[in-house]
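For reference, the structure I am asking about is given below.
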Amino acid sequence: MRLERANLLQIYYLMRLTRAMEDRTRTLFLQGRVAGGVYTAQGHEATTVGAAWTLGDGDFIVPQHRDLGMHLTRGCSPRAVMTQWLARGNSPALGRDGQIHIGDMHHGIVPMISMLGESLPVACGVALTMKMRKRSTVVMASMGDGATSTGPFHEALNFASVQKLPIVFVIENNGYAYSTPTYQEFAIADLSDRAVAYGILGESVDGNDVLKVVETFGRAVEYVRGDKGPALIECKTFRVRGHSEADKADYVPPELREEWLAKDPIPRFEEYLTREQILTSALKAEIAEQVKAVVEDAVNFAEQSPAPDPATVANYVFAPEGPIAIIGETGAEDQRYINALDHRTGKPFNTMTDTGKPEFVVTEEVGRR
Amino acid sequence: MRLERANLLQIYYLMRLTRAMEDRTRTLFLQGRVAGGVYTAQGHEATTVGAAWTLGDGDFIVPQHRDLGMHLTRGCSPRAVMTQWLARGNSPALGRDGQIHIGDMHHGIVPMISMLGESLPVACGVALTMKMRKRSTVVMASMGDGATSTGPFHEALNFASVQKLPIVFVIENNGYAYSTPTYQEFAIADLSDRAVAYGILGESVDGNDVLKVVETFGRAVEYVRGDKGPALIECKTFRVRGHSEADKADYVPPELREEWLAKDPIPRFEEYLTREQILTSALKAEIAEQVKAVVEDAVNFAEQSPAPDPATVANYVFAPEGPIAIIGETGAEDQRYINALDHRTGKPFNTMTDTGKPEFVVTEEVGRR
Amino acid sequence: MSAVTYLEAIGQAIREEMQRDEAVFLLGEDVGTYGGAFKVSAGLLEEFGSERVIDTPMAEDAIIGSAVGAALMGMRPIAEMQFIDFITCGFDQIINMANKMYWRTGMPVPMVIRGPSGGGVKGGPFHSASPEAWFFHAPGIKVVVPSTTYDAKGLLKAAIRDNNPVLYLEHKLLYRLPELREELPTEDYVVPIGKAITRREGEDMTVLTYGAMVHQCLKAAQTLEQEDDLQVEIIDLRSLAPLDKESILESVKHTNKVLIVHEDTLTGGIGAELAAILAEDLFEYLDGPITRVAAPDAPFPYAPPLEAAYLPSMEKILAAARKLAAY
Amino acid sequence: MSAVTYLEAIGQAIREEMQRDEAVFLLGEDVGTYGGAFKVSAGLLEEFGSERVIDTPMAEDAIIGSAVGAALMGMRPIAEMQFIDFITCGFDQIINMANKMYWRTGMPVPMVIRGPSGGGVKGGPFHSASPEAWFFHAPGIKVVVPSTTYDAKGLLKAAIRDNNPVLYLEHKLLYRLPELREELPTEDYVVPIGKAITRREGEDMTVLTYGAMVHQCLKAAQTLEQEDDLQVEIIDLRSLAPLDKESILESVKHTNKVLIVHEDTLTGGIGAELAAILAEDLFEYLDGPITRVAAPDAPFPYAPPLEAAYLPSMEKILAAARKLAAY
């Protein structure tokens, strides 16, 4: 897929933003301001931003716990992310759920749960709907290497292959499932070989090379959009930090971590952009500024946001009666249709709004494709 | 694996016995003497008998609902089978469970449940134990084509491949999962290709050719016994009757059924045996006699057996206290060890005993291999 | 218009809802070409095509998960479990994905999970399940249990139109029961979820029950009237979650005695919660111990004599009612 | 010998049983190299090797199913769920394979399924589960819930030595609680499954509880003694299945009032069965309504203020006890 200068800078910006958001989340956690566990994905940025970048309007992502980059690339608001991390009452989950368990069907993001693998059958249902509604949109469903060991992975890929569903399955193989190295998870070299079991397209790619990622997913998305059935793309990357902030990850051989730190996708991309004279030191500084500003805005917004109201804890277990429009069809944005607004707040869903100005300048030029 | 004349006749006898047992069960069902559903496997005899034939002492089978042939080949008693079909109080499940949900760990048979696919992780546990106990025995775990669509199939094969467990997984691809044709179950031609997803040995074989089946499994069992990890063998066969006796199977194209009826493994093997002058018409008649006698004995035994005692229905939900010996190790046959006898009956397990004389003469010569 | 069976009423509900709303579709094992293991969906594939009547591979987690995904899109999937026993194979998808979705994301999951439940047909340990109690204890899903042909259709329509996950438990013993044949209204109707119904009025005691046991209890009530001159009030819960507390309390307030009957096992069954509610809310009203009749705490047996001994029998119900009446 | 934590007691039990019996082994996600997500099994891989301390892929059905297979062979596997919430992913393997095996085949399945359960640690909707009620209602499995360091070790040893599937629910809030540090006997001991224990004696009412709530209730009892001069008897059930009916009935017979407290959600929880048993068996003994304090019927929330409002608080327990005492 062809990338304009502005696209390249946008991608770079998003990778930096993703990294900065997670670094900041970590700081907040260390300051004791984030309750529970914090999961970040340093090193995944090329994969998450690059893969999601190849999607268009009406397409869906089914992200997992390392996919902040996908959320941001698809326009999920940094403010929403920070309100969620800080468990505010106006967060996407109203403080009822945390981390990046964020979703908004109206903007093409399916919320995850902690049970890894279980989102994959859900992705099938989204794609099945697209098929029934005769759309040319696609679903991008991601998972870690560990999730490929689960039953739902198999049931979903098999069902998707039989139904020829428009799904690009993304495996973010980062070398470990928590502390478990890949050789204790499976007995093959490339997880994309599992495509053979379903008769679908399979490919492995260097997940730390954003240009290769964009190129590969560009092709995969096109293929899937062409009704050829699902694809399974493995991105080889590495989890250079612990599984969560509580994990020192001393089970990772230092030299292995070093090796991958050296392959950090951001400097790698920076190098390219500089070599190609796309990224000047001035622009780089400007982007850094923008990123800083957006993150600060998100944190401030979150910190000024109200805590959830304890009195509501047992409310909204069941959805109220009323018509439901099919997502993406007439009426779906109409507030009379209950899935067009969050009945718990009476407000429309807001994971994509309040994106926290100032937005990075280049985005004005090109928008989100 | 080399087959003596006696072996060939024994295999033929077992195939005929399997067919006759099921034909008789069907008659009993039509006479209203079997409650609930009856599942038979006409056409599977070459696969079930041939595969199980390649096993030796201490090896285990993990059979499913089409595998009466495996049970009989491994020495499960026709009497036990008939008492189970007729839900007698002395049946392996004491009338609490039916069909061929028969098992006896002391004789290498793991009892199945109706939830297909779920026996495969159990097979891993049996094989894991063999590994821990440093044995050179193997497990043969079977499934239908439909079961390959389940999550447990994937979790089990993956775990087995990582642990290099001594398991031969057998797929009995009989063209349908109930009424669902294979092309609505999966999008590949050969289910043995799924071996690629686990980096294990995979092979497909004509499941109606008993000699090919024996040859293939002979190799697979040897391979697996040699600590090379699991194998996945697909036997291509056909379910020429309905899923159960309640199923007319009119969803099966007549010509397709005809095609497979013409490949009936028993006449095919008979032809070979006759051509090779192993089976004379006299011997054939004698075998037919033997089979008839064994089946009659089993039915009579079952019909003279007591019905289960209703007063016991809620008993034996929990096993009593007491030592348990590891199956196949010192003490396991000692009745003081609670898994050596059925505490519900106070008798030793009997699925392999009372085999119902008269036994086929050739077996005397060579025993079970 | 002629009388239809309980099973036909279920098929009618699905067909009419699929005709009424193109968001409604059916998926499951053998539901299309075969029309379902019990022929509940016979003819639907022909009428609606393979995109709305989907024969799936044998994969309950994928069936339920796909239903969740489609429901999030605003569709109204009906996911069939060939036997409700197999719902345990997609348990996590229900508990953690479907049930908690609206509560934590505000996005509704309008879906139905249905399948043949219950015993009495020689199904044995794996084809006779009464799974209601697990879901009754899993906030976020509604559970309905029709006992009549009218309710079978009306409750299923209500379930399909509901904006939440609904577990619809059809009892396979009732599928073709001649005495349940009924002429159904020609016009569209629903049986609202959350409302119990009094099947028989009486002052001497209240019997709380649901599903196939409703008919067992009605028979018992007749005997009790004839032989013991007892007037037994029978409440068919119809909806287990949400529970119609009001109707339950009201009835027991005027009978002051309660007998709970269900086919599911005793310990931790629906009857436990019913008893707990009554023991807490109607402490001053009870003239006798809250009595339960249910299956024993054991798996479901196969052999006919064992099954007969396992299921709550007329004798057990009569004995319990007489003992209670004696207070 | 020095005082150990609840978590260390669990590790000790596993180590000592693995030393005592070579049939015992541990399998689960990250239990080996990492020593478990909470370090419960730290050091075991080093001591027993990778054949008896098995790091598995992320596959709960395979973990539980493999445990069943090994148990059928006469081994005594301990299957760890990294968080007990994930037990829903192997639900069928427990319900249909493990639980029904002995009853239908006569072959025992001596295995333990254990993992961190319960809330209070900001785990949110998917890391705070109290799954006991589902298994309490699934004949064939025992369910134990240790509340002290002594019981944590003794109940786990009993579970490992039991010849049946046992669900061992360790409460993650108690793992490292300083006030639970205890010096444990140097000699081998077990806490028998099926026996409750009286944590505090009193005549005014009986509190039935288990797990982390035991400590909450003990605090409440002190307040009630000081401020209301009430003597509350506290029974720690310890074993939910089988239930120690005898001890429960005996206590309530002399206090005549009962308050049930659990962390799990209210409807269909363990408290429902306890209430039902008491309402049926002790009808003549009760001087006040059987009262329950539990979590509301909603998923488990993440935000600290929500979690605090969700879990049974001192205030709620005190209020309920005072209302009951007033009868």
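Per-chain residue numbering starts at 1, and chain names A, B, C and D are given in the order in which the chains are listed.
The rule is simple: a residue touches a chain if its C-beta (ideal position, glycine included) is under 8 Å from a C-beta of that chain, and two chains touch if they have at least 3 such contacts.
This is a predicted model, so every value here is computed, not measured.
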item	value
Of A-D and B-D, pair with higher C-beta contact tally	B-D
Longest centre-to-centre distance from chain B, chain (CA-based)	A
Chain centre separation in whole Å, for chain C relative to chain A (CA means)	40
Centroid distance [mean C-alpha coordinates] between chain D and chain A, Å	37
Inter-centroid spacing, chain B versus chain A (mean Cα positions, whole Å)	47
Where chain C touches two or more other chains at once, by residue number	56-57, 59, 61, 85-86, 88-89, 92, 96, 100, 103-104, 125-126, 139-140, 297-299
Per-residue multi-chain contacts in chain A, two or more chains	93, 96-97, 113-115, 118, 149-152, 155, 158-159, 162, 184-186, 317
Sites on chain B touched by chain A in the complex	149-155, 158-159, 161-162, 164, 183-189, 193-194, 196-200, 229
Of all residues in chain A, those that touch chain C in their complex	92-94, 96-97, 101, 103-105, 110-111, 113-115, 118-129, 131-132, 151-152, 155-156, 158-159, 162-163, 316-322, 324-329, 332, 338-339, 342-345, 349
Footprint of chain D on chain C - complex, ascending	85-86, 88-89, 91-92, 95-96, 99-100, 103-104, 125-126, 133-134, 136-137, 139-140, 241, 243, 265, 267-276, 278-281, 283, 286, 288-292, 297-299
Partner chain B, residues of chain C touching it in the complex	29-30, 33-34, 37, 55-59, 61, 82, 85-86, 88-89, 121-127, 296-299, 301-306, 308-310
Touching residues on chain B, where the partner in the complex is chain C	35-37, 87-89, 93, 95-99, 113-118, 146-147, 149-151, 177-180, 184-186, 251, 307-308, 310-311, 313-315, 317
